[in-house]
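Think of it as A, B, C, D and E in the order they're written, each chain with its own count starting at 1.
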Amino acid sequence: MMLLFDIALVAGLLTLAVHVVREPDERSAIIAFLAFGLLLGLAWIRLAAPDVALTEIAIGGGGTGILLLRAEAAVRGRGKHEESVTRPGKLAIAVGCAAISAGLGLAVLSFASPAPTLAPAAAEGLSATGLGNPVTAVLLAYRALDTLLEKVVVLLALIGVWSLAPDAAWGGVPAVRSGEIPQPLAYLARILPPFGVVIGVYMFWVGADAPGGTFQAGTVLAAMWLLVMLAGLRSPPETAGLPLRLALAGGPILFLAIAFLGFAFADGFLAYPKALAKPLILAIEAALTLSVAAALAMLVAGPARRAPTR
Amino acid sequence: MSAPAFLLAAVPLFPLSLALCCLSNWFRARALALLVLAPLPALAAAILVPKGGFAIFPPPFRLTLVLDEPGAILLAGAALLWSAAGAYAASLMARDPGRQRFTVWWFLTLTGSLGLFVVGDVVNFYLLFTLASLAAYGLIIHEQSPPAHRAGVIYVALALAAEALLLIALVMLAAGHPDANPLIRSVVMDLAASPMRDGIVVLFILGFALKMGLVPLHVWLPLAHPAAPTPASAVLSGVVVKAGVIGLIRFLPFEAGAPFWGSVLIGVGVITAYYGVLVGVTQKRAKTILAYSTVSQMGLLAVLLGVGLANADPEAAHLAAYYAVHHTLVKGALFLGVGILAVTGGRRFRLVFLLMGVLALSLGGMPLTSGALAKLATKPLLGYGWLAGAMTLAGAGSTLLMLHLLLILRHYAAEDAATSPLLGQFMPWLVVTAASLVIPWSLYPAVAGEPAASLVTPDALWKVGWPLLLGAGAMLLVQRWPGRLGMIPEGDIVVLAQTGQPLMRSLSNRIGEIDVHLRRWPAAGLGLIALAILLGGALMLRA
Amino acid sequence: MTAALHATTPGGFLLVLAVILPVCAVLAILACGPRSAARIAMATLAAGLAVAVAITVELVWSGAALTYVVGAWRPPLGIALRADGLSGAMLVMTALVVVAVGLFARVQYGLREGGGSERERTTFWQMLLALWSALNIVFVGEDLFNLYVALELLTFAAVPLVCLDGRAETANAALRYLLFALIGSLLYLLGVGLIYGQYGTLDLLALARLSRPDPALSVALALMIVGLLAKAALFPLHLWLPPAHAGAPAQASAVLSALVIKAPIFLILRLVLDVAPGQVAFLAGQLLAVLGAASILFCSVMALRQARLKLMIAYSTVAQIGYLFIVFPLAAGGAGTSPWETIAWTGGALQLISHALAKSAMFLAAGIVIKVYGHDRIADLGGFGRALPISATAFGLAGLSLMGVPPSGGFVAKCLLLTAAVIEGYPWLAVTILLGGLLAGGYVFRIIDKALAVSASPLPSRAGVPRRLELTALALAIAAVLLGFVPLRPFGFLQIGRSGLAMAGL
Amino acid sequence: MTVALQPSVLFGLCGAALVGIGLFAVVSSPGLLRRIVGCNILGAGIFLVFGAVARRGAGAGFEADPVPQALVITGIVVAFSASALAVALLKRLAEPRSDA
Amino acid sequence: MSGLADIATIVLVSAGALLFLAGALGLLRFPDTLSRLHAISKADNLGLGLIVLGLLPQMASLAGGLKLLCIWLLAQLSAATASQLLARAVHRDRADR
């Protein structure tokens, strides 16, 4: 029975993807991409990966969606079109992509039969980290270096986005609200955030033992902050302002501090003393959630537009 | 480091240290006077250091210097000409605005050319060879005139080609050798055994032929040498060209011998000898005539080395070196003389012109001059077949060329009779002229194995004399055909190469279009996909 | 799972410092604000250089590779950092170039008028340090996904550097660079996924033992290599490099050309020579050699055609990295010898280092000349040798190293590659190397000729350019030349930590 | 036929197809925004392949191997940052600002 | 007891599904944007409400049920705001033209 649902889901995904590619109008292509992101979340549920489903819908569907919608609004009519492709060119590219997909399919089908997996190793190590959710254990204990670097990647992207501001406005306030604000949006911005924050904190807290975690919670919190800014209830912060910078850098700095403490109290960098493993990880997760929320919101808000008040 | 080894080390290192000192502005401003001193250690080394003297440096520099018979002879002549030309340049360049630049390039070229005669290991031979050729560029374009610039560009293009050929030859030579930087002698020893023998010899001949200026690779020489200031062209024509000669002497397997390649070298040499004369006769400028005379003389040298290679007799190297020294001194004196004639007038002009006449004819082989000595010394080597006949004809040809030069020089005198050359320029010229007579005479017994007296016998005089008369006769014949002057432009074949210019430009435009197309986004994307399929398919099918 | 390959060695924590120190500096600059950026950066440059030298000393002293298992979780579950001889050399090279560029930028930004805005300065320091950390991870990382994150960190640090001056055309170049590099990273990530699916581990050493020529590995390696080629801008995929490296400010393009494109090349080297089984390595090596040769010849001619100085140097970069790709067939190693014992391995490593030093010196020197002349049209740069003698000398020395003229490092590298080509019997590669040298001579000489020429128009005044600015470029150029004197053969620094690996695959 | 119909293989093949579609979108579309969308589809396809690998590696009480899941989460966040930077560059291109 | 709950679930969930079907049909068939908006917001919200009601008895714990209700409330809130915004946007476009 579930097979039927899977086939329908895969068919839906592929048709939506083809529709996104072939759709001449930019805006509807992006809206189709939004739907594609949400369907993808279902696919991840079918692949028994709830953590990833949450991340995909929150960041892949929601975050990227609003990013692309704002981009489309800014670029409509003004964006210059690059080299258009001749018909035979498109055909050649299509054939090439088909060949790559076929090769990929062949590789996927020819995987070794007793699938090699690190699940048992992850399960053994779980007790040392004191966590219940294996994915969070991998993210924050076994491969903590990846998560640390990935957090720096997000910050670097933000610094890169900020560097695109005009010299005069650098460090100033990004333009989030555009034009007058419709009343229902203001109403929603007053009602929804409390619920959003509660859900975000809950997702971060439950992340240690059940699906949830830093990035998903951070995205929800970022969404709420964006909603408030879009509705004009709160003006976006100054990018060079101390509070924002501390919020952004706070997460990774705490992470690094605890990591360096690992030299003294545990047996090496990014190692946690056995007794304190869970509280330390939760502290890191809390700080990271705040930083992720601030970083994602600022990434969507974009570079500064108005000059800073020195 | 024993005394001779220290002196030997001073040959390249003294001028190099002078060049490095030029980094300080104070020193560079006053370095012009030191030009004459730079080659003196080399002169002393050539005379004092016993043959076969060795100097080895500690690992980081991996430099070994060795002084053998031909090296010493060449070094003596070269060092003398370098210092004389240095003195000449010191007085000529006293007020030239670019003299500081000139000095630095002069020291570097000097280091390279003198070092080449004494260097013993492969890598440093290539290093000094490169230094000599690239630094010479600075001397060529010194006057910044458009022809100098054009000559410089052609010179560098061909110099880089020569270096590329030499590099692959040296790499193939040293490929099998365990030591990273082997000695030249040991490497040439097992050259005969190496499978790539023919390839290596061909590349060496091509590389050094390009440096010596054998036809058809000579095109840069008639353009570059006249473009340089007088002392620089004297040194370029006299010594720097000999880099090719010492290269052939060092790297050709004389002991094992290569008959086929020997005859090839002889053929090229003969063609070059005649070609130099035929084109030289049609030239109008004195310096260009001298440049073509160098091309022709290099042809003769190539024949000598070719014979040595064909008959597998290392003695030819010594004779070639002796002939080369003669050419160095006479050609250097001629170039300096041309510079002096231009500034002398009246009675003193006739005296200088007379001396120039003697020098010119000695190149043709006039009895009692170094030319005669050189011809007599190399006579036994050439044997009595068609080759000897061809060589004597070439000697007559060069006499013809020299007479043509003297006719051109006749109306080179300065307008008012009172002007006389500066002492600083006249004295070095006299020294070189004297040396061109003294040194060959003193070396003759050592090289040819017969006492100097045997030269004065009537049949020796006649053996050398009749080509001279033949040359004079030919000159009378050619004299009546004045239309020939300026018929062939300077650098002859290079003009043909110029016609190839639009072809090269269209090819590079073609590549430009391909690049523009390749850098469009869809094309690059398609390239990416095609590469992925190609690599993936190849790996999957074959593995 | 397989026996634990990695055990933390005493010097291991140095690797962590090399990786994490610049990251801490980036965060410190973000937290403390723009005014402190230069001071923090200078301190980190010094500390980073010290760490790199310490790693090399530890390598030479212990004669074995340094390893560090992060968080005490052994691979395949956890991540390990490992520095062998080659990585040590790369770390020191990166440290040298980054410190030199940092000093150059410090003086440049200290000037009154040409100093650049606060935005430009702060962004440059943060991006330079992030870039340094990413490079260090690429050179010491042992985990494929960790290397993916490092590649992304590298791209995100490099893209803002391209459009640092805020002009629209550099923003366009930056966007094209970002998108093409993104495709490259995603293909690389796809390859990582396939490898994990097939072998269940992401650790390079473990993969070297497990890898067998089966379809999944072939497709994975093909995708990863092509993805890395896109990021390294080898010949057919070089669309983004010339505008990006020419548009960036001088100090940024020096780091981009000298270091950033070396990371993907280093990874390809590790993938083909360490992970790929014999037959696969041979085939991939052949294709890469053909691309490398095409890159040398095609892009050298393009460099000769360029009218603008920085575009010419950018095209010369694409040409010179071609040399690094012809190393693969030469270093494939016969039956007995393994790749790192062949002279091509030493030649390739030396070419990597000497190109980095020479290219950064050339870009810095070009930057000074452009700053004084106000434009970079080669035709109107007549006589810059007299106006800026030190910069012209730096440019000349760097050019000599690129051309491969003795005694420079470039010459020794080219000699080793030529010897390898002669011994291994690849005549067409030998000819390519020589032609490449000739063409390089062509385009370098074109500029030296301009330097020595006497210009008709009066020489611009060099008032705004302090001597210290030129000395950094000269120092790098001299380092490139002195590299030729470093005795490589006797104690085999580049072979440290490699001999012990029993490569099952080869 | 049954081998291909397990969820992991089905979604793996769907991922492969999405990689093809995404790559086609990125390479062949003239508009810059469409290329960024193509990149995201390409990323989604790649992560589905990771998902299939994770699902095959179920064991020790987990429905799916946690390591590839963690990799995908990190990958999604990095892809989002890349899209954000690309969008910011695109907006910078679109706004007519005198070259400061 | 469980028999009754199952019947109720089947009935309610199928009714919800029917409403969704009607909403989708409305979306496809109706001529202009405003009427399509009307169809979607009405049918889907009611449909979702019925499905949630139908699933309530199946939930193991009270917390689960409460979560379902929260989901329904949030869906209501966002659907209402979204349709208002869309209607306002359509109205403004019509006014500009």
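We adopt the following convention: contacts are C-beta pairs under 8 Å (C-beta built on N, C-alpha and C of every residue); 3 or more make two chains touch, one makes a residue touch a chain.
Given the structure is predicted, the values throughout are model-derived calculations rather than measurements.
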item: Touching chain C and also chain D, the following chains; value: A, B
item: Best-connected chain pair, where connection means C-beta pairs in contact; value: A-D
item: Longest centre-to-centre distance from chain B, chain (CA-based); value: E
item: Innermost chain, where centres are averages of C-alpha coordinates; value: C
item: Chain centre separation in whole Å, for chain E relative to chain A (CA means); value: 28
item: Between chain E and chain C, distance of the C-alpha-averaged centres to the nearest whole Å; value: 57
item: Chain A and chain B, separation of their C-alpha mean positions in angstrom; value: 71
item: Chain centre separation in whole Å, for chain D relative to chain B (CA means); value: 67
item: Interface hub residues of chain A, defined as touching at least two other chains; value: 82-83, 85, 89, 93, 97, 100, 103-104, 108, 111, 115-118, 122, 142-143, 146, 150, 153, 156-157, 160, 164, 166-167
item: Set of chain B residues in contact with two or more other chains; value: 520-522, 525-526, 528-529, 532, 536, 540
item: Which chain pairs touch, all of them; value: A-B, A-C, A-D, A-E, B-C, B-D, C-D
item: Parts of chain D lying in touch with chain A, wherever the complex brings them together; value: 4-5, 7-25, 27-34, 36-38, 40-41, 44, 47-49, 51-67, 69-74, 76-85, 87-97, 100
item: Chain C-facing residues of chain B, complex; value: 59-61, 101, 123, 126-127, 130, 134, 138, 141, 144, 149, 152-153, 156-157, 160-161, 163-164, 167-168, 171-172, 174-175, 180, 196, 508, 511-512, 514-515, 518-521, 524-525, 527-528, 531-532, 534-536, 538-540, 542-543
item: Complex interface listing, chain C residues touching chain B; value: 176, 180, 183, 187, 213-215, 218-219, 221-223, 225-226, 229-230, 236-239, 242, 277, 279-280, 283-284, 287, 291, 298, 301-302, 304-305, 403, 405-407, 414-415, 418-419, 422-423, 430, 434-435, 437-438, 441-442, 445, 449, 452-454, 485, 487, 489
item: Of all residues in chain D, those that touch chain B in their complex; value: 23, 26-28
item: Residue ranges of chain C touching chain A (in the complex, touch as defined); value: 1, 8, 13, 16, 20, 23-24, 26-27, 30-31, 33-34, 68-73, 76-79, 117-120, 123, 126-127, 130, 133, 137, 143, 145-146, 149-150, 152-153, 156-157, 159-160, 163-164, 166, 171, 190, 194, 197-201, 214-216, 219-220, 222
